[in-house]
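Please read the structure below before turning to the comments.
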Amino acid sequence: MNPVATPYFFYGLAAVAVLSAIAVIMRRNPVHSAIALIFTLLSLAGLYLMLYAPFVAGVQIILYVGGIVVLFLFVIMLINIDSMQREYQFNKQWLVALLAAAGLGVLFVAVYVKGQAIFPQHAIRFVEEKNTQQVGKMLYVDYLLPFEIASLLLLVAIVGAVVMAKKRI
Amino acid sequence: MLQNFLNYLNQNVTPGQAGAYIWVVIYILIIFAAVSVAVIAMNWLERKILAHMQVRLGPMRVGPHGLLQPFADALKLLLKEDIIPTGADKLVFWMAPVVVVLTAFTTYIVIPFGPTHAVTDMNIGILFMLGVASLGTLGIIMAGWASNSHYPLLGSLRSSAQMVSYEVAMGMAVVSAVLMTSLTGLGVYGIGGTGDTLGTLSMIEIVRAQMNQHVWFAFKFFPLGLLAFGIFAIAMVAETNRAPFDLPEAESELTAGFHTEYSGFRWSLFFLAEYAAMIAVSSIAVTLWLGGWLRPFPHWLGGDTWDTAFSFFPALTFFVLAGLTLRTTMRMPKHPYFKIQKTGLGVFGLLLGAIGLVLLAPPVRDRIQDIYWFTIKVAGFMYMYIWYRGTFPRYRFDQLMKLGWKFMIPAGIGVLIATALAGVL
Amino acid sequence: MAEVFKSEQSLSSVEHIETEKGVDQPFLDATELILNMGPQHPSTHGVLRVILKLDGEKVLNAECVIGYLHRGVEKIAENRTYTMFNPYVDRMDYVAAVSNGLGYCEAVEKLLNVEAPPRAQWVRTILTELNRIASHQLWLGTHALDIGAITPLFYTFRDREEILKIFEKFCGARLTTHAFRIGGCQYETYDGFEQDVKKFCDFVTPKVDEYETLLTTNRIWLERTKGVGVLKAKDCIALGVTGPVLRAAGVKWDLRKAQPYAAYKHFDFDIPTGQNGDTYDRYIVRIAEMRQALRIIRQAVESIPEGPIMGKVPKVMKPPVGEIYHSIEAPKGELGYFIVSDGSTQPYRVRVRPPSFVNLQALSKMVEGALVADVVAVIGTLDIVLGEVDR
Amino acid sequence: MPEDKPEQKPAPPPAAAGGKPAAAASPKPAAEAAKPAAPAKPAGPLPQPWDSEMVARLRARFGSGIDPKTYLNQNYIVADLAVLYELLQVLRNDELFDYCVDVTAVHYPQRKDQEFDIVWILYSFEHNQRVRVKAMFKDGDTAPSVVELWPTANWLERECYDMFGIRFEGHPDLRRILLPDGWQGFPLRKERGLTEQDNEWVKINLGIESGR
């Protein structure tokens, strides 16, 4: 089945993603921010679908929206929102922020220009029906070591978080 | 145009795959209507069955044997004053029931009621279902937080913790079923056919794999399939916040949990979503472990004769129901006071009988088969839900967590590893 | 936990607060949550209000607020004659009205220095024990409901109905029976009373087993009740807790044995005790008490003596000047009446020592460090009746 | 009324504790004037002196500070204020009266300077024995709190305070318990009528003219 109205979907999803991302940092109420974050993540999942990566989209929904944002909300509900709302929302450090953003932009452009050779001409496109299998193959066969190292890192982070958070183990 | 519209009927794929958008809309409408009716029926059945378990009659006044009670309730809920607490966060308070209902109904897109009776078939079907189902939690959390009240807040805290923990166990069980689609090993039964060595996440393909391997996954690699099925069956009760895991809405502790502050129509949305979600997760269980739309023993009792014999079941079921209804009608008191009720029940019985007759007609008979077997299996789960509620006390929060993390998740991982080993050995 | 829920400010109005540096309030402060359980709550058994200080779900502190049902029974007593006050006591522990009446009547009889005739004593014993079963049944149903098992409630109410029918036949009332009079009983028992009681005993014996099949070995029930709300014998005695709660802690003390009243000294029965003093033991003790009560009833109804049912008491009761304390073993614990007479027709002072009131005091000790769900279970296991707590 | 015309009565009131001079001197109660005193006809039993080993021990320790009596087979000790707390302590710790059944009070407005009887009903699991300790207090005086000895007295004393306005010295949390915190008046005092209320409280908190 051929995709229909692809650009409109793209621009729609992109607009939702950007707008809700802005809402995430603009809202004073953290719960509202978290809800805006959900919209960002969902529209990103839509974008993944458009890139013929349904597996990534599914995982995006399950892990980020269903898991991580739920945990965000869990933590937000446990803390004192009242005092947070009286905090300054912005620190008025425009200069530093601008510099950092510009630096990041420059970095992106530099990487893209310098390393054009390593980017393929077109996005890697797996056959849609075999998408999940292909992702699995890449993760567990082609890039097994980096994948395992990443998971080890996460494990270390979890253990560290537990050690830091628990007063008594 | 019309030809285009009718062409789909001869196709062997779901309307989504066929690109028949009109049919997609029709399917969605049918499913929405059917699920709504199912929820109404569940409401009545739950009250009646629970009542009979508890030595009482349940609703008896509104319509014969309380048959119209759900409609009366629905009417009452729609007409009730819609209250938004003063301190509530209005936007989030408004969004919460919408989110819950949307997610509950979105899952139905991929549920295969038959090989072609699904809105569409996604190649990440089961992943999509789990993902969307997990979004329902967000609605509950939003409801609890936006109410600006302590009981809903505690309810939504419980809900989020509970759902996040049980989703893991649920996922493990699901993965082991998905794994089975790619493993053609025969297990202890020694029966089986050929299967695709490539696994799949598509709901329809999972059922097809069970058909090709000649075994429901609940009985594959005995007892591994059964274990995974059991883990899922427990986790899905926790996912849908039903007894004995109904902590987020534990009425004796948190009055009504996360929906304490909701009333009228908004509350009825939560109710609708809860039952829709129950049916949805039961559908997952049926699809993954109980052979989806497949009738019992399609191979052992194969052949045209058996096919024909089994195809009478839907009509038979309706006849039995009609018979029960008519018998009850006869047994109603002779007093003229009961005339209207008696007539109503009689007409209802005849209606059931008429449906049964329609189901006898060969073309209908053949097409309704899959849906019938799927529905019957889901109905079994629905009955279990009611039974649990009548039997079990409620778990405490820490015990629930302990069960989830210390038993369900390790067991799920163990079953997953064992399944993988059983497949390659 | 979220401070915002305590404040009067609505969340939406918080939006408009001018930004100010919150200096004194720590960032990301997870404060305690105050949960006001009751007075309107499905499982506080009436109008009990418990203010819970929570850390997440853990109870840091619980404080009972009572008095929502205070009717001034003790004050009313001073303005009524001895006879007129008799129906009022039924309204205290309204699920065990017969026991209340027994305690009051016996106390006044002691003060008058009269004794009810043996037949009255026997009938009193039978009715009081029936009432004990009814009270325990109601407790079991509601307690199970609190813990989430909804079905036992209907089973127990079905069987309790039979007891209420006997009451209704005996005295015309089902709940607030006013079954006894000072000096005996008002009327002779109705024809077929003995048969009814015997039939009831045969009817309810298998039903008690039925309750047990539903709960006693139910895994979730065990997990929810074992080790929950533990009150050791020492604490029970220090806090004055009596009744099944005390016996579940292993103290074999029952006023029916320790200081027998009515006709109890003529019957053979055991005092069931527990060991751990937790919610489960209290459940077991109460179930066993139902069985013992049936045993007493069977013996009593077999040996019920003939004779008058009303003793010789003056029409106008003027007990001599003096004071008396008399207590009985009500289904919930020691129910005492301290009556001061000034020689007139009205009591000078009637003090009721209500078991529920004293038992409820143990709540805050029992739930400290427990979870919210345990609070509900513990309130249920204490078996309080707010009519008696508040009087 | 026990103190009403004590000379004419055949049965001396037990509350007067064996004819204490102070009690006998109390004036006639105005409130009870309408109620005729008990006629002499059903002459009740008299409180007898109570003798037992325990009483002997207590006498040896407290001497004339205590007055043990028995009435209708129930034992009670009338104690002087000076030895009261020590007596309760001894009963709790040495005589093993480990269960405080009740703490309550009786109001005798006509007894000058001894308006309140406070009664401690004690029980010993060890001896299966009950004893009542009684002491007479002046209105406005504080009574010793026994929460240290029997934790159960906590609520019982609070109720006493709530109903009679008796303050207990050393009570950890002496507040009203059954009535609302802002309530005025103590309902079980004899001068309060049966239907009397704190109308102001009712008006403010319930928004109605009167609670009746």
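All chains are identified by letter, namely A, B, C and D, in their written order; residue positions are counted from 1 within each chain.
Here, a contact is a pair of C-beta atoms (placed from the backbone, for glycine too) under 8 Å apart; a residue touches a chain by one contact, two chains touch by 3 or more.
As the structure is a computational prediction, the values presented were derived from the model and not from experiment.
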Chain closest to the middle [Cα centroid of all protein chains]: C
Chain pair with the higher count of C-beta pairs in contact (B-C, C-D): C-D
Mean-CA-position distance for chain C and chain A (Å): 59
Gap in Å, rounded to a whole number, between the CA centres of chain D and chain C: 26
Centre-of-Cα separation between chain C and chain B, whole angstrom: 44
Distance between the centres, which are taken as Cα means, of chain B and chain A, whole angstrom: 32
Sequence positions of chain A contacting 2 or more other chains: 29, 77-78
Two or more partner chains touched - positions in chain C: 1-2, 4, 9, 11, 56
Footprint of chain A on chain B - complex, ascending: 17, 19, 89, 91-92, 95, 122-124, 127-128, 130-132, 134-135, 137-138, 141-142, 144-145, 153, 156-157, 160-161, 163-164, 167, 171, 198-199, 201
List of chain B residues in touch with chain C within their complex: 50, 53-56, 86-90, 148-151, 153-154, 157-158, 243-244, 246-247, 250-255, 389-399
Touching residues (chain side chain C, partner chain B) in the complex: 1-2, 4-5, 9-12, 33-36, 41-43, 56-57, 144-151, 153-155, 158, 214-215, 218, 220-221, 223-224, 371-376
Partner chain D, residues of chain C touching it in the complex: 66-67, 70, 72, 74-76, 78-79, 110-113, 237-241, 251, 253, 258-259, 314, 318-325, 327, 334, 336, 338, 340, 342-344, 346, 348-349, 351, 353, 357-358, 361, 390-391
Contact footprint of chain C on chain D as seen in their complex: 1-2, 4, 9, 11, 13-15, 32, 35-39, 42-45, 47, 71-72, 74, 98-102, 104, 106-107, 119, 121, 125, 128, 130, 132, 150-152, 154-156, 159, 163, 176-180, 187-188, 190, 192, 194
